[in-house]
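Everything below concerns the one structure shown next.
To keep things simple, chains are lettered A, B, C and D as they appear, and every chain counts its residues starting from 1.
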Amino acid sequence: MVLMRDLVVQAVQMVLVLALSPLLMGFVRKCRAHLQRRRGASVFQPYRDLVRLLRKEVVLAENASWLFRAAPYLIFAATWVAAALVPTFAVGLKFSWSADLIAIVALLGSARFFLALAGLDVGTSFGGIGSSREMMIASLAEPAMIMMAFTLALVAGSTQLGTIAATLTFAHVGLRVSLGLALVALVLVAVAENGRIPVDNPSTHLELTMVHEAMVLEYSGRHLAMIELASQLKLLLYFSLIGCVFVPGGLAAAESGFFSYLIGAGAYVAKLAFGGALLAIFETATAKMRVFRVPDFLGAALMLGFLGTLLLFVSRTL
Amino acid sequence: MTALPVDPVYLILCVPLAGAGLLALLPDYRWSARLNVLVSLLSFCSALLLFVRRPSTGLFLQIDDLNIVFVVLNTFVAFTTSIFSASYIAHELETGRLTPVYLRFYHAMFQFMMFGMNLALVANNIGLMWVAVELATLTTILMVGIYRTHEALEAAWKYFILGSVGIALALFGTILIYMTAQPVIGTGLPAMAWTELFRHAASFDPSLLNLAFVFLLLGYGTKVGLVPLHAWLPDAHAEGPTPISAVLSGLLLNVALYAVLRFKMLLAANTRTFAPGPLLIALGLLSLIFAAFMLYRRRDIKRLFAYSSIEHMGIIAFAFGMGGPLANFAGLLHMTMHSLTKSAIFFSVGHIAQVKGTQKIADMGGLSVTHPALAWALVIGVVAIAGFPPSGIFMSEFLVVSSTFARAPALAVALVFGLLIGIGALFLRLGGIVFGEPRGNVAPDQASYLPFLAHLTIVLIAGLYIPLPVVSWFQSVARQLG
Amino acid sequence: MHSFSFDVAHLLAGSLVLVSFVMLYQDRMYALINTFALHAVLLALSVAWQAFVQDAPHLYVTAVIALIFKATVIPAALRRIVERLKIHREIETVVGIGLTMLAGIALVALSTVVMLKVTAAADPLAREDLAFALSIVLLGLLMMVSRRNAVGQVIGFMSLENGLVLAAAGAKGMPLVVEISVAFSVLIAFIVIGIFLFRIRERFDSVDIGALDSFRGDRG
Amino acid sequence: MTLALTLWGAGGLLALSVLAALARGARFFSAIVYGMTLAISAVLLVAAATHIGDPPAERVLPIGLPWLGAHFHTDALALFFLAVVNLGGSTASLFALGYGRHEAEPARVIPFFPAFLAGMNLVVIAGDAFTFLSAWEFMSLSSWALVVSHHRDPSNIRAGYIYLLMASFGTFCLLLAFGLLAGAGGGYSFAAMHVHHAPILAAFVLLLALLGAGSKAGLVPLHVWLPLAHPSAPSHVSALMSGVMTKVAVYAFIRIVFELLGPPAWWWGVAVLAIAGITAVLGVLQALMEHDLKRLLAYHTVENIGIIFIGLGLALAFRANGMALAAALAFTAALLHVLNHSVFKSLLFFGSGAVLAATGQRDMERLGGLIHRMPQTAFAFLVGAAAISALPPLNGFVSEWLTFQAIFLSPSLPQWGLRLLVPTVGAALALSAALAATCFVKAFGVTFLGRARSAEAAASVETDRFSRGAMFALASLCLLLGTLPGLAIDWISPAAVELVHGHMPAQRSISWLTIIPVAQSRSSYNGLLVFLFITASTLLAIWAIHTFASRAARRAPAWDCGTPSSSPLTQYSAASFAQPIRRVFGNVVFRARENVTMPPPGDTRPAALAVELHDVPWEVLYAPIAQAVSYTAGQLNALQFLSIRRYLTLVFFALILLLLGTAIWS
């Protein structure tokens, strides 16, 4: 019976993240539109886009290889699995122990790996630009992420997201400098990894400034849909990550009743909405930076994460 | 076995002497080459007889633990060298570098030189040993000059002048030894007999012994080729016939070193002398490092390996200078292995120089393409001499370095430094000779690999397994050396 | 008797050293050769004196060898070579004569110090002889080093041998073997040198070692 | 039992090499040789892998040092490395069965290949200093012969030369280390070295071991020979050198420092960790700047050796503080990475060898689009690339994950030095992992994807079945080790018990084959489930889309923002791919300079961009040494050309000096 319930919870979570991620994207866009005094498309526009893409036929470049066709599904799958393992409305998911925070970061890494390869596959210059910049950004963002993970792991004495969330929720950790640093680092990384302003502009097609769009330039139809969905999942993942770690309020405990699950879900949606609004404001308020200023941006993230870890190594109480 | 008609120790002296006489008379060089091989074989066999029946020690001649294996080694290398020279010297006639007359002289001198060396090894009398060493030296001088080219004559002249100064210094040392022994042992022959000297060494005047050792070290050290007394050695090796280079490196250096060893034992027997160790260590390290650096700029292949001989003499001197059972064992092993390996290298170098028609390293590239057998022979030889397993030299170097480091780290580091420099130079040149696109002559070679194979097999086996009798011999001598 | 014999030996050996100095001083060919002859004569005398003192008859042989061979034959031969090869008559030295002399004095001092310190136990006769012999050897070596001319170097070498003979004679009861061998080696040495000079004569116009060294080995 | 088998195997290999030498490398013979080596090393692999739990065995043969004999022994550590060696040996032989046919002069390869294998096997089972060093040096020598086997290219000769020098240097360092351990008495057997050593002496031994084993393993700054020598050899040998020989060096380090040297001091960990961190980062950065495929792989070997030594350094630190469990975790992580790296590095070198055989090219800038003509090779290489980039669910990730877990345990270390260093090293580890991913996107993308950049690349064909067999065997092993790491951990644990006196919790008892380094609450990872999830959701997505959405597809020219170019040269090249990274790290690490010559408007001259990179370790450390040696040689060389009189002067002064000495002495 318990097993049944756990499985259900896990399944619900998987479906939930899949269902919510386009909505989140649409919400963020809507907020930006409002901030820019536009009416903007409806919050459900992303769903419509996905459906439209899925209906379209795929146009493959002449020398696209099997890798090019397989990549979207792999990317989607890896991101989805990663997103499904981050506690959203409840901790103690059935399979959360099968991959800890580092593994989740690495899963996102493998998704990125294949995306970058796909960018190189057709053999165009833009794909190359995209891949190389994406990997450059990642090669700085990932260590920052790991450092952030270090900080959390040292605070919570575990790298299991469930345990971390639980610790931060129910054990009274209190305010900590290192956690603050970790939060900032995580936000910076999230901005970079999801290709948001100021690192990358998701809605641009100015060739020389784009990163993510350049990689997927050759994709169309269902493949593009998969990739879009994957990137929306990724955004959601980072939101729920920040949510469950730094604002764990409302998170349902393991094996708690149906009611608390409902509360958890509500809290989760609220968090997403709040975060999305914040992101929109941030994006409207800042300008896109030159590609070669990005390393400084991420270097700052890396340094902050490192500082947080170091503080914990030096004294367990900070 | 006591039914032996004549004492083998006389055999190993008389056979070469008689051979020399015969060869001097024999006009046809083919026969003389064969006879040369035969005579060397005979003296080798008679040397083997020494194991069967250890002759009694006389006032002039003796066979003891120290010299018996040197005698055997000596005659063995002489034998293989004579085979090599048989296949080598014919070519010299074809190219007209030698005339039959000189060839006759060459063969006679070869045996005469062997006589000198054997005598030096078995002499029980420091005076007699001195005479014998000088005899060997003078004959080699004549051999080195035998091509009568400008370079050969100058090499021989250099060898001669420096050698005779060495002669003088060694003689002075010998006289000093006698002066030391005479008050204790009394006047006359006994005061020059090794056996007597060792018996009474403890009561000799130490400071006079020290002085004597200085002169003997410099005198015989000149033959050993220790820096800074080495100047004759590279040119003599480079300009003489290759068999003589092999004999020089393989035997004469050993004989001279044997003399030094004897006197070191004498000093070791007297507790109040300052240890000759520091002298040997200093000269050894100097020779090693200097020769190692000199290897880099060599353009003549025989001179290259001549310097490598200096390097190894340095290592040996260093080992004996360190003393102690391990280091002495290593020194003796290194002596044996070096003479075998180095002569083997000279065998292959001789053939290489013949097929290439030059000794200039620059003119012999890509040998492994044109003459694979010769090339790999050279590679194996160099690998062995550089102290890679499974060569016996690896074992000796292993023992020297490891036993030194625990006692005097700085010295061991200096030793390792020298060895590394040397390896670097050797393989730098080797790569140029053996690999790459072929250069120079590609004439086929008619070499005989028997001598080479014999030596290298022994060396490579010795790196893995040394028969117990040899080991116990080495160990007992090492103990005497203190 | 003892003191007297000691003084005579001392005198002779000392005068040998003196003559070595004179040789160091000489820079004319013939004068050098003559001085060497004198050196040999003195050697013969002192060896003979040793023979007399130790009443070891075989030493007389050595003395005679020295007298005939070194004092007469070799100088004559050298003169002929000098004429035959038209070697120019003055010997160029490496450093100035004065400096060479100073070095020689230093050498003599060194050898006496070494010897006197060394053989405090041995009898004074042998000891003095050895001291002088050593200084003669060193002076001979110095001469070989400081002369650019082959003949000069040969003479230096032979004066060195003289020192050896003196030492050998001083060593009480040293078997004949040694003297023979010394003479023997000197003989061989000289014959071979002669052969070489001859061959070299065939090839070059001078026996000046400088020319010999034109070849330095391993160039190019 | 395993010991005797190994000895016989080594003997067989040596005999085989002798036979090969006698056969003068007749073509038909190469198949025989590789077949035999495959058989022998497969047998040894099985024997070692199955008997790792056995009690130590010792055997003395009457060879080697006369009074000592040749000691051979096997314990868990030796058996583990024996397995690694023979795993590499068997796969390399299998690969060579096909690849060897492309060999121009087999006579220069097949005699030395078995000898090389024999050498590595003997090093691992050697039980005394002399046997160890003989085998060690023999291994170097035979691999040198293999490096110079393609001798017509002067750069290979140079590579071999530098390799041999560094190898001798390393051997001498180890020799000195053993000299210290054995003492003046000459107790050369490892058993006799188990005495307590004075701290200062132990420090020297540690230093010498770092120099000796490190120079073979490729620790910065002793790594310079590695990217030269490994690529010069035939590819199956490169795989052995990179994947296996460096591990033998790791074995030497473990044997000396963990066993012979006795209980460690805490600062040993500091020394090892510092060097290891630098090695990891510098190795991967240099790999990123490299466009020669095989050399790029060689630089990655440097990086991974760094990762392995991070594990070892942590193990030392923990052990010095008596934290057995943590030490076991770090040590297991290191050993597991040894195994993993040998697997995927061999795989990658095989792939590069297949590419080399098919196109004759090692330069990535002249490759591209191979995935169309060599799909299977491309797939295998892709797996290897993903594995070395530490991507789940493959094996590279597991060992790095374990290393991270070990790092998480380090805050409880008492020493400040370690507390400050360990997180830094962790950052270095994370950085190098991320950069490795970047580098292999470059390597795979430029080599196999895109359009062919040269005629050879365009004309390439899929490689032979033996090579493919070897590659797929290793690729599946990558997946297996990645999904079932628990079994590997349990398999390693005897070695950990032996050397750090602790072991991780037994993993096979845990449900779902999860691995739990310390405790369930702390951290756990289940490669199998992750793999299953990914596969499931991929299939789900494909199924859903192909049933509910369109499956129509059409081929058309590339879009490329409407400006597609027909010339393959307009693709992103390896250099341009690495350019952002070079911008970020180059100035510091490589003293990189970009010289742009931009003609003024109207000028028809083309603009030019020249990039100069510096190999700093070489220029700072090695070039000066080489210059010094050559200068000294030049100066001393004057002594060859003196006149006789001057030589006499030398003798004269020597005499005077010694006389003065005696005068002063007594």
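To be clear about the criterion, a contact is a pair of C-beta atoms (placed from the backbone, for glycine too) under 8 Å apart; a residue touches a chain by one contact, two chains touch by 3 or more.
This structure is a prediction, so every number in the text was calculated from the model and none was measured.
Asks: In how few steps can one go from chain A to chain C if every step must land on a touching chain?
Replies: 2
Asks: Among all chains, whose Cα centre is located farthest from the one for chain B?
Replies: If we average the C-alpha coordinates per chain, A ends up farthest from chain B.
Asks: Where the centres are mean C-alpha positions, what is the separation of chain B from chain C, in Å?
Replies: Averaging C-alpha atoms per chain gives centres 31 Å apart.
Asks: Starting from the mean Cα coordinates of chain A and chain B, work out the distance between those two points in Å.
Replies: That pair's centroid distance is 78 Å.
Asks: Whole-Å distance, chain C centre to chain D centre, using C-alpha means?
Replies: The computed centroid separation for chain C versus chain D comes out at 69 Å.
Asks: What's the distance between the Cα centroids of chain B and chain D, rounded to whole Å?
Replies: The separation of the two C-alpha centroids amounts to 44 Å.
Asks: In chain D, what residues contact two or more other chains?
Replies: Chain D, residues with two or more chain partners: 640, 642, 644, 648, 651, 655, 659, 662, 666.
Asks: Multi-chain contacts only, two chains or more: what residues does chain A have there?
Replies: Residues: none.
Asks: Check each residue of chain C and list the ones that touch at least two other chains.
Replies: In chain C, 114, 117-118, 141, 144, 153, 209, 212-213, 217-218 touch at least two other chains.
Asks: Hey, which chains are touching each other here?
Replies: Chain-chain contacts present: A-D, B-C, B-D, C-D.
Asks: What residues of chain D sit close enough to touch chain B in their complex?
Replies: 24, 62-67, 107-108, 129-130, 133-135, 137-138, 141, 148, 151-152, 154, 157, 160-161, 164-165, 168-169, 172, 175-176, 178-180, 182-184, 186, 188, 629-630, 632-634, 636-637, 639-640, 642, 644, 647-648, 650-651, 653-655, 658-659, 661-662, 665-666
Asks: Looking at the complex, which residues from chain C come into contact with chain B?
Replies: 114-115, 117-119, 121-123, 126, 130, 133-134, 137, 141, 144, 153, 157, 160-161, 163-164, 167-168, 171-175, 177-178, 181-182, 184-185, 188-189, 192-193, 196, 199-200, 203, 209, 212-213, 215, 217-218, 220
Asks: Enumerate the contact residues on chain D facing chain A in the complex.
Replies: Residues in contact with chain A: 368-369, 371-372, 375, 378, 382, 386, 389-392, 397, 401, 404-405, 407-408, 410-411, 419-420, 422-424, 426-427, 430-431, 433-435, 437-438, 440-442, 444-446, 449-451, 512, 514, 520-526, 529-530, 533-535, 537-538, 541-542, 545, 548-550, 552-561, 564-565, 568, 570-572, 576-581, 583-584.
Asks: Report the residues of chain B in contact with chain C in the complex, numbered from low to high.
Replies: 125, 127-128, 130-131, 134, 138, 141-142, 145, 148, 150-151, 153-157, 160-161, 164-165, 167-168, 171-172, 174-176, 178-179, 182-183, 187-189, 191-192, 205, 207-208, 210-211, 234-235, 238, 297-300, 303
Asks: Can you name the residues of chain A that touch chain D in the complex?
Replies: 54-63, 65-67, 73-74, 76-78, 80-81, 84, 95, 97-100, 102-103, 106-107, 109-110, 112-113, 116-117, 119-129, 131-133, 135-136, 138-143, 146-147, 150, 153-154, 157-160, 163, 205, 207, 217-218, 221-222, 225-226, 291-292, 295, 302, 306, 309-310, 312-314, 316
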